């Protein structure tokens, strides 16, 4: 690690701490449209981080609520006709008002054409941050993916170089997987490590991460928001696993840890690397 | 506390115990239409209290199910067109059959006009109990509220005097917050204390409380139903926090405690006051 | 227990172990349309068993997803117009492609006519396995049932003989209750015991069992799939209760145990009987 990389790493760590402090201070209102599987868990994770989630996903209230929200998270897990209408309205509102919003294209590519077309249209409203697993982001970046439902079948490390092309449509791309990658124009690619192998065995963790990114995007720049949320999740996952390595108890402990994070634990446990080749 | 206040307090405590015993005995069927975030949690809380929840929220079955239910709970958290149709049908059915029903006007006032108009119409079917946080009840009572999503931004104590005007539309108003207030024509205002500061950090606790009030309303008078449900919640929250002061574990312990309540713990932990000035 | 019954019991135990091993190995993609109350819990249970759930319940993607799924689970708990359209498409696709699918007719009979008619139509696509509680299966088999919401009011033992008539519409009928019954043309009626009295106090356990049966049906014959899933659930419920006899903690422990099952614990704890009179 050369000196400038080391300096950047320190700067980023400071910025993560600052983002977390601002999140606690402002408790931003996050307008969330997410899937039926995820909604309870997502709300609980966002509340645990001390932000303020509100799931408003009907087309009749989408515009007025998007206007008062500090950030927006749209997740395509189980779309309905009304919810998709609401998403278009919220995305356009966010774009018009330069409000940060996070797009989570669950199941993109694969055989799920309706949502994939919806995602393609939503990209016209220029999401601030595009977050997904490697299959979804890979498919968006034009890679042919073999599909297995909505979970990723390819490795995040195989996708992050191609994902740079997606910066034409957004300010930041965040890929979750065994390692996470944060891609932006502001920094070299940042790889986030940590978490637990149990996390993919709990449903909707990716969806909750997307909502947490949105919460952070209300108080920091896109790349720092994605980085801070990923580090928050990775630390909580790692510490929860240390205490509770059984699936059910892990998930309970994970909420404890999302809630108990502080700048001390961020400084002690944050595990991210700047990828030099990817500058 | 003068003698008659003391006597009333004892009477109310007896009635809470009786309501709880009847709930265990009858395990009433509660017809619930609630939001996507809350539905799993609400069902689990109602089951934990030994009542029998059923979420039937389509317009094609709303009338027939409302007819066989012992009580109904309508919650405006994430309305859809079909669900709102079903709510109107259920409310009218309940009104016609003089069946107790609880209206939870989530997000009322604020910028959420569709649901607010829906709530205004539902009031024509005279809900038995209107329950909400201070922002919602305050807005319904005509107070100008600054909105922050669906969580309350004002204090419950600032609202309960104005809330008396809402008794024109219902038999009882229940306001939840740091302290809870039960307002009816039958008793002076009753203030319920207890719970835990972690409760607002768990999503849908207010929604679950609304469903629990509906369950109790099947076996007792409106004001006693609201009081018993609030005391049930407050004791469970307080005891859960004593055992498990971390967010994830608190929520698990809360379900344990909702389930384990009995008349002995009601008598030991119930914490409510009659507000003399508010008679 | 005569010799041939004993031999069959041993064979079945081997087949349960084999089904579990195949489930771990193939982690089949299960296409699930379930109710709003259940979706998070169902996904977590299926993930805990190491299968791969995906909730795709819109009519625009139902056919393409049914084609790539290994098995399908349709659950009528909280139908919407769009979801019912999607169910018809998925059922027809499964039938055409001879793909295993599980029908869970939540609330069948009773006063819930819309869903009951939907179930009657779905039976034309010949579900591989029909699973429900005794009230639902009894009503399907023509028994008059007194209704109390969506929970069963009659005993599973009173229904399993009549349920044999339902084999005209499916390959296997699975009835859950205090005891569970697996009815097929391949074996005598099998009774599964175990679980915990707390299970009916956790919402959506039956719904999760239906999805788990679907997962097993991707890797084994209908009767073995139903048997293996019921035994999996019964062991997890029993062991969870031994460790955690309080409602909230029981539910957490149950997920631990669903995840930690292995062939050793299957052989040690599986508790099922072949009912000789029912051959």
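So that you can tell them apart, the chains are marked A, B and C in the order they are listed, and the count of residues begins at 1 in each.
In this text, contacts are C-beta pairs under 8 Å (C-beta built on N, C-alpha and C of every residue); 3 or more make two chains touch, one makes a residue touch a chain.
Everything numeric here is computed off the predicted structure, so don't read it as measured data.
**Q** Cα superposition of subunit A onto subunit C: how big is the rotation, rounded to the nearest 5°?
**A** Resulting rotation angle: about 120 degrees.
**Q** Is the contact between subunit B and subunit C built from the same residue numbers on each copy (over half shared) or from different ones (under half shared)?
**A** Different; most numbers are used by only one of subunit B and subunit C.
**Q** Between subunit B and subunit C, what distance separates the C-alpha centroids? Give it in angstrom.
**A** Here subunit B and subunit C have centroids separated by 34 Å.
**Q** What are the residue numbers in subunit A that touch two or more other chains?
**A** 36, 39-40, 80, 251-252
**Q** Please name which positions on subunit A make contact with subunit B in the complex.
**A** My answer: residues 29, 31, 36, 39-40, 43-44, 47-48, 50, 52-58, 60-61, 64-65, 67-69, 80, 82, 251-256, 258-260.
**Q** Considering only the defined contacts, which subunit A positions touch subunit C in the complex?
**A** Residues of subunit A touching subunit C: 35-41, 77-81, 107, 110-115, 147-151, 200-204, 246-249, 251-252.
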